[in-house]
Amino acid sequence: MSTICRIAVLGASGYTGAELVRLLYLHPNVKIVALTADRKAGSTMAETFPQFIGLELPPLVAIAELDWSGIDLVFCALPHATTQEVLKTVPAHVRIVDLSADFRLSDPAAYAYWYGHEHHALALQAEAVYGITEFARDAIAKARLVANPGCYTTCGQLPVVPLLEAGAIDPDEIVIDAKSGVTGAGRSLREANLYCEVTDGFHAYGVGHHRHMAELEQGFSAAAGRPVIPAFTPHLVPMSRGIFSTIYLKPTEGHDAKSLHDIIARRFAGEYFVKVLTFGSHPQTRHVKGTNFTFIGVSNDRRPGRAIVTAVLDNLVKGASGQAVQNMNCMLGLPEQTALEQLALFP
Amino acid sequence: MSTICRIAVLGASGYTGAELVRLLYLHPNVKIVALTADRKAGSTMAETFPQFIGLELPPLVAIAELDWSGIDLVFCALPHATTQEVLKTVPAHVRIVDLSADFRLSDPAAYAYWYGHEHHALALQAEAVYGITEFARDAIAKARLVANPGCYTTCGQLPVVPLLEAGAIDPDEIVIDAKSGVTGAGRSLREANLYCEVTDGFHAYGVGHHRHMAELEQGFSAAAGRPVIPAFTPHLVPMSRGIFSTIYLKPTEGHDAKSLHDIIARRFAGEYFVKVLTFGSHPQTRHVKGTNFTFIGVSNDRRPGRAIVTAVLDNLVKGASGQAVQNMNCMLGLPEQTALEQLALFP
Amino acid sequence: MSTICRIAVLGASGYTGAELVRLLYLHPNVKIVALTADRKAGSTMAETFPQFIGLELPPLVAIAELDWSGIDLVFCALPHATTQEVLKTVPAHVRIVDLSADFRLSDPAAYAYWYGHEHHALALQAEAVYGITEFARDAIAKARLVANPGCYTTCGQLPVVPLLEAGAIDPDEIVIDAKSGVTGAGRSLREANLYCEVTDGFHAYGVGHHRHMAELEQGFSAAAGRPVIPAFTPHLVPMSRGIFSTIYLKPTEGHDAKSLHDIIARRFAGEYFVKVLTFGSHPQTRHVKGTNFTFIGVSNDRRPGRAIVTAVLDNLVKGASGQAVQNMNCMLGLPEQTALEQLALFP
Amino acid sequence: MSTICRIAVLGASGYTGAELVRLLYLHPNVKIVALTADRKAGSTMAETFPQFIGLELPPLVAIAELDWSGIDLVFCALPHATTQEVLKTVPAHVRIVDLSADFRLSDPAAYAYWYGHEHHALALQAEAVYGITEFARDAIAKARLVANPGCYTTCGQLPVVPLLEAGAIDPDEIVIDAKSGVTGAGRSLREANLYCEVTDGFHAYGVGHHRHMAELEQGFSAAAGRPVIPAFTPHLVPMSRGIFSTIYLKPTEGHDAKSLHDIIARRFAGEYFVKVLTFGSHPQTRHVKGTNFTFIGVSNDRRPGRAIVTAVLDNLVKGASGQAVQNMNCMLGLPEQTALEQLALFP
């Protein structure tokens, strides 16, 4: 692409908004021309995130003030629910990557069940492409609206979907025990997100009922060709970034942990952002921190005939803003890794 | 008990040793009369752990220097393997609470399989009582040698053993996804224990093969009356103390998550140190930090007919030194909670 | 004291409130008979702080619902400013330990300068005793209202006041570089207190202007017998508890670092809660975590003729609720260490 | 430069070595052709630092195995002392950026005083250029051997040297209270670096005597034109990366905090990597994490006639490997920011 794509970021004062700025500012093919943050309109990005002091960035404005005529593509990092109302008003020439959960579920009834109200933008929902890049890049390339997947669900679907598609595991025996860093909760002011409530301890939340289940069930059911309900338990780790999924699986007749490893390794053999470790090795979240990579490991379970799969990603990058940029690259016909080649910040 | 029990702590320079001193120093019925630390012999406990500055404590000496005649009961917090050689030499009048793994497995063949060599103190092993206090207090009261259980296994056995005994869960469908703080690794100098290797990240270790499995299998098999192998995966959390177990279970015909909750609640109704939360509530490790308590929660899984149980404890207290003191109290005929009534240090 | 003192805690849902409950629940001479938390009235302490599940504690009520006739002594852990209005209404038979800053400054003009408004309870202010226990225990014993000192100021005054009283340091050359854990900011919902804003980083705040300066200046000026203004910079450390003060001093003619050490050591020779390390040794916050102790160290500065003093305490204990209980013990004629003998929780 | 510079990294298995690889791997003008790690020779970089899995990197070899003929420039990240012996053997055609302390002190007597032995490579020492890039870029451009400065000293010299050169502060009244993340201690196996010894607490070390003082005194004395000894106290913060310096200064006649701010701002007006905040604003370490930036703030002290300056940098980047790459860019005639433009990873 020879021209520069003009970018707006809605909801720039949140963590995924800041992460988009971090990644897009150095992207050679785009220019950030608008940043919105309704409650902080009138201030600068550097006041909200001082790491950006001295950069050439547009001021924070209210969404209503946007001049859409100068915008080619918008990243929407708004809270769930408000997103629907806002995106309905975006002019047709503007392509959209939405980081909220509002357009991830294709079934309006599923949306209504999990979110407690009818969807307010059904027409848009119908055209949205669910965007795990590795699984849907052709559709993403042509999409006007990409629903960027959730962090937990990306970390669960990348390793499991290929196994379900291959018929290599029992769809009724999937346990995903997931652990997330605290940025997953965003920058919202809730007591549960205070430093002293999170540090030096560990807990589960949403046990038996968490909205990300809907997305997992949608992806797994599509892959298996029949309804699939996995066990899924999210936990909060005292760390800023990272998701770790420990996945307990029951290979089907003729399969074992080793063959599951082979299926996953073959499925991602050509992928830049997915690395499958040698059999029996397992990743750490810190090895992908700040990057768009997903690392996957597979082992035998000690229980005969079972397997354990682990996967890690950075919830703000491959789990949110990085995959959003990867999807944008895909939409613009750019190499997917453009501006996403940073190596992990460890230690 | 009217007289004071004279206590020695072997291996006082490690974390479980320090924790024993923290708990025993204020115990009204005992007096610490000897502390050993072979590599630090000649120095003081306050030099090794400055929080003890100003306390009246015996100097650190080598084990060989001990005068056993003045000792009634010894806590052994030595590394695995060396323990066997040392404990063989303890005179018969001295009762023993051993915090190592050396005497936890009652089957010599199982010991040899998991530890790679024959047991060197088979006679002692034969008389050792495996000491989850709530499950074995009568035997503990009379024991000369109590094998104090592991942290992971205490946190797994307390909630699951009652369910296996009641026949309420399928023994072949137990998944224990366990997460531990870093004190579980002790004070040993390994790269994996360095601050920068642990902080701000998360990982699994020993996937598919970890020595604590042997202890879990022993306890579960005894409870079920037949061999049981659970899935068990330990993970390292960037926190000092605490174990969190997320346990996925399949209730048997006639049972569901609610009835599992009832069984557990009834089993621990009279117990001071085990608290079962209301159905659907789940604990945090921070709520038991520094205490000898175990908190247990039970929920429905979203998968029909399955249940999720969570449990937390402080690995240095109920998972090691606290249960050791509880066992000592039991051996001495004292109220079990003596010197163990502290409330959690949170925040 | 043969009777039990009946205690109310106002503001029990904050961190200092919870810490008071932790310490008082096991105190042999008191009973908590009332807990207030206006916004959480109607719920239980265990709902707000699950570590208290199963304890016998009164429900959380609004202050207006209190029956003062059954209360002998009240701990007030309310936010600054509201405290004045509330304490004016406390009946005369109830003694008060106030943990806010509202009654710490004895000069109404100083209060008005630092807090931006006239004091609303001048009569009470006039009778309040400023309560660093080690410096004022006779007055505290007789006081009706004790103004419990701030955390930073306790950690600054304990080592420096004896030196000013002795004329051993230049009052114009005092630099206190102070570092605090995050509990110092309480449980209030501010963006700056979110986990992700605090972890894995370090910063100063209130540089050149912080309200605790007023308290330091008051204490130092009284000790020196003339106005003293120290440099004081607070910083936020990614830890829950602890204050560390690094203090740069200029000994007066005839004094050096060693003689400063001697003065401090002599001053606290008989004190249970203040420990002065050997010359050249320095403390860590973790060695006093969860305790009411203060540790102090003294070294030569490399600059000729200068000295460096360090001091640590737990801001929630000696810096707040622990000193409040120490003061209560003093007011009730009990041994000061009653219910405050716990050893540090380390690691 | 049209050709590719061939790079070796000595000591690649340490943290500064890994950081060099992170920065150099994506550098368009260099190629890493050799990595050494004597104790891990024979293994791969990805085995030592799994974040590098899948990258094209040479294997880890012993230094003795190096073929220097194919190397143009070497980064030496070896421990202090061994460095001298190794660098003496480097062929003359190879340029050197040394990250150890071995060549930082130009006075052999000062080296002998602080390190306890004579320098073993005096000829090399005589030609070494001390490399704070902003202060010495002309000499660096021509140097064969650049002594890369220490992290603490870079963070102290950047803000203070311009003030000393301007005669704007009293050289006898400099207090630098410095705080560092744990990566500053490297990956060495010392008890003090274990997670449980560092997390959730704070302490000072090397009080009154720390080797970085020598470097500060050298730089400050040169800037002032007479001997200068500052107070300098290093502290350890429970975080991985970052240095925060709080600097207490006494402006000379005719100067005040505001004029100090002006001097610093003017001095760094054209610098890419040094950002001076608006007067009264102060930086956080997290705002430069992973970057080569230094942020500086200046305020009035509450003490009349005094000033407080703060400065932050990432000790592994501007404090070590980043400044090393900046110096290499300078030596190669490349734009200094090449491969160093990443924005901070926050949150």
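A few points about this structure:
So that you can tell them apart, the chains are marked A, B, C and D in the order they are listed, and the count of residues begins at 1 in each.
Please note the rule applied: a residue touches a chain if its C-beta (ideal position, glycine included) is under 8 Å from a C-beta of that chain, and two chains touch if they have at least 3 such contacts.
Remember, it's a predicted structure, so these values are computed and weren't measured experimentally.
Greatest centre-to-centre distance from chain C is found for A, with centres as Cα means.
Two chain pairs, B-D and A-B, are compared here, and A-B has more C-beta pairs in contact (counted per touch definition above).
Mean C-alpha position of chain B lies 36 Å from that of chain C.
Separating the centre of chain B from that of chain D, both taken as means of CA atoms, is a distance of 45 Å. We define each chain's centre as the mean of its Cα atoms; on that basis chain A and chain B are separated by 39 Å.
In chain D, the residues touching two or more other chains are 15, 183, 196-197, 199-200, 238-241, 283-284, 286, 289, 346-347. By the touch criterion given at the top, residues 172, 175, 177, 179, 181, 196-197, 199-205, 207-209, 213, 229-233, 235, 237-242, 244, 246, 248, 280, 282-286, 289, 297, 299-304, 306, 308, 310, 346-347 of chain C touch chain D in their complex. Contact residues of chain C toward chain A in the complex are 15, 182-183, 187, 189-191, 193-200, 238-240.
Here chain C touches chain B in the complex through residues 15, 18, 21-22, 25-26, 49-55, 183, 199-200, 240-241, 275, 277, 283-284, 286-291, 295, 316, 341-347, going by the rule given at the top.
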